[in-house]
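One chain, chain A, links the two complexes that follow: it is found with chain B in the first and with chain C in the second.
Moving on, here comes the complex of A and B:
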């Protein structure tokens, strides 16, 4: 320090990562622009995959997200297996569904109770909410932990699982290893049904939109790891035709690409879409839970997504118990295969919606091209459209209140930017 | 992966501290990098110099202390220790 300078002690954490912002332009009381700006730096995973052995794709892409790594594992396996003409036997497909159930449970419960519920109850975060709703938070954490238990056992660890490979798993669990999960999952199923009831009584904004829903649909099961691509406006396509339906475009205000249909339309992925397009595939207790929560077969109010997620938690818990009870280990943990040249397509239902992977592989088994479309990027356009409709009647409110309104609307989608709890930098340009 | 947001956040804090003290320029910045933080000192310096262009901290001296203690309770963090203003 010199005579002309002074040092100010700060000692604050500098590391706060994950950035999103919303820009609203208001001209003469009219909303003229609503831009959700995601400026997380590009991560170049698709470029990173080029030149790598196609068998490495699941492990590499699983690192894209710490909240839904199973979705990345499953979509990349589906794409490479499609490329190689590989069909996994039923015991392996069942185990993969069980693993996916684990991820749905932990991810949905985290979003419902830790991120979304505080908005409805008027708390800034789950920690503040826990002071007055301790039992509810403890119950939610215990349900989430039951999901973590599945991922830890089948995946080898809770975060970024390592036990999945093309054709199956590295190691299959024994029946004796699965059995201890059962009691906790059975408790969690009852608890999830009960926890949904008070949520159904929340005061939801009276807001509906005519979305184009897009999800997977399978002949016999509620979609997680397989199915055709269907929409509420009638498309029914194999996953290999994804690129014919949705294309990605760069927009100046986001580092995340936006998706549009060939006709320029925006689509809505995630729980509301899955539920609307697969209501007839719900498990019995999930259907009963939906009825108890007062949900019709199609829900168009995005704020009620907290309830649909709850129904999917019930479904995932019920499915997990069924799969554990019926589990008979196969002879081999993975189907043998040799990589071959070609292009493979895979899509699975991540908690936030359809996660699409496409890989082109050369004769040497190395990836020459990769495309990965995360559901959050597809949903960006529909989030912006929601904001335009929802914010318009609230423009007269002070910026701080407007920010809370916008955060709640964005959080309906559980957008997967690392700071989705309290992330929004709001700029309002009023003229 | 997240250098951009990390540096943007750091600079925003530095800017706030400087303005709180009615400073017109930032002369020096002192940071502490935990042993398990996801950035090296040289990488941090490079991003700081790049990110601070046009801000009050442009051209500021950057003092970096790197901890080698992985058991430190803040081993994964980066701390803004102090801001020297003119």
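Moving on, here comes the complex of A and C:
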């Protein structure tokens, strides 16, 4: 490429939740800017929560995201329960994990097969892909439906479930209600293992980065709804110390705030981080699936995140079956409590990574301050860094090729921009 | 021989959570059949193929909250033969319409270090406040069954069969005991439009009104019942002011009890 000035625009990056823009500037053969621009109209959730009863936080914050409402329900419950000194008994904790398994399955499968895989196979979408890969798409839809089946039964509906509250649930399912999910989940477990194999044979860019991974870690389980905050550079903190570790900054090109460590470091949240920091907590079949897909215990190639998501789908299916088989309804659907004044902290593992909530509540039970940090917001900086590292050695490649791989690189993160974003527009400026 | 042209479908997003358009992707059993019956000309959440208009049917999710979006919806209308709003944000302004009662400049300062960098209107308004809307699907989120019924009806050239009765009717059809009468649980079912299948009472909780007001509701009568249950007026105001706070029947009733939220 010898031209000195060149501008390419892609009006909208597709197959992500919400919309934003990517800006690449190339000047005299040097990359001078790689910005993920987020223009989602602000919806001001942290402001509108002020004056609301703390018991309303789960239903309200679920509306931040239609693709991972369970994550919002779970993180807000965790934070308010922390504030009230509430701990839920094992049957309720197990049901919450089962609900989260449902969301991981449907969200990961949606991302893997409908949003991300078309990039690798060269289709604009899963529907076009279905013409030549019909069995694969139909299998994926059926696995996704098995996950949604859990959310619909336990939550009442797939999107914005209604059965979750502080302290537990409104109504506990009976063993007989859960049992019919079992056959389909068992089928999905086998199908997910098989579906991972052709994905392992995809042609992945040769690209690795030395990320600082951050995820939750729990004494005995692969992290979903609880745990301490740990990182690949050695932090091990209670969730209440989140704000000491990561702080948010407003950058002009994004309505979604950027997060950095006190030392200015950029961290990576999501499946790669969970997997790297909790490899020893994988279920047996998930570990075998990772091996069969050729994954080492730490994966630093973000393009392989599609495989790690697949491993987590296997894990979530295996966990769902275990939880259904072991389920014995408790005495009460929810632990009784009275709101009290104070500040509470909660974090859970949304499919895209750690989702942090903090609430301060007054004597009257009303929220006076709320802070919510979505994983995509934290990952923005690492996405920009990936793009810089990927684009710099590839500046000689044609724009179309560069653009395609940049879009794939963004989709590696399954960014959920609707948590804050609007219009993803790719501009390549060559000067 | 050329096959007859399929109706061209476009899916648009304004301020929202993406949940209503995701409902379409959650139609796992019907998705490929739907995709067979229409030409999906524009659906950025699902496809990187984006074809220019005009479109036979536009599904619009989300509310109008920026000057840019206020312009954009005019363009969407101009390119669309039928425009259908999907969900509480598009039909009633959504949860973000809570700003309509407040000072949005203060809200900017609460959320952002540099409020001067933020472009946003003082209000969140439904699509029908800006352009003509042909059909509205309620719900936070919409129901998949209603969404499929709407698409099937539009493809067949008939009027969609979408309920306008109350959640109570669905509760009765489902055989759920009335949570308000039997348990004294606050419930917006009597004033809320049907469509969800009366899920909440079936899960032992009161309806929280995510489908918005039914036709000719009587919230004043319901409020008397709720006050008699011991709800204070501020809580009553909040009950009506959630995902359809800017729908007049809910907004006005909330205002009557809690004028300064």
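A few comments on the model shown:
By our rule, the second predicted complex is superposed on the first by the 404 of 431 C-alpha atoms of A that agree within 3 Å, B and C clash if a C-alpha of one lies under 4 Å from a C-alpha of the other, contacts with A are read in each partner's own complex, and residues count from 1 in each chain.
We adopt the following convention: contacts are C-beta pairs under 8 Å (C-beta built on N, C-alpha and C of every residue); 3 or more make two chains touch, one makes a residue touch a chain.
These numbers were taken from a predicted model, which means no experiment stands behind them.
Residue contacts after overlaying the shared chain place A:66 against chain C, while chain B stays out of touching range. In the superposition on chain A, A:197 makes contact with neither chain B nor chain C. Shared-chain residue A:237: touches no atom of chain B or chain C. Contacts of A:43 after superposition: both chain B and chain C are touched.
Look at A:341: by the touch rule set out above, it reaches neither chain B nor chain C.
Contacts of A:145 after superposition on the shared chain: chain C is touched, whereas chain B is not.
When both complexes are overlaid on chain A, the residue A:158 reaches chain C alone and has no touch with chain B. Taking chain B and chain C in turn and counting the residues of chain A each one touches, the greater count comes from C.
Judged by the document's definition of touching, chain A residues 11-19, 40-41, 43, 418 lie at the interface with chain B and also at the interface with chain C.
Interface of chain B with chain A (complex): residues 1-6, 8-10, 13, 17, 21, 27-28, 31, 37, 74, 76-86. Only residues 11-19, 40-48, 50-53, 56, 59-60, 63-67, 69, 106, 110, 114-115, 118, 124-128, 130, 137-138, 141-142, 144-145, 148, 156-160, 162-163, 165, 169-171, 249-250, 252, 255, 257, 333, 407, 418 of chain A touch chain C when the two sit together in their complex.
Residues of chain A that touch chain B in their complex: 1, 4-19, 39-41, 43, 418.
In the complex of the two chains, the chain C residues touching chain A come out as 13-23, 25-26, 28-29, 31-32, 35, 40, 43-50, 65-66, 69, 94-96, 98-99, 102, 104, 106-108, 110-114, 117-118, 120, 124, 140-141, 144, 196, 199-200, 202-205, 208, 210, 235, 238, 242-243, 261.
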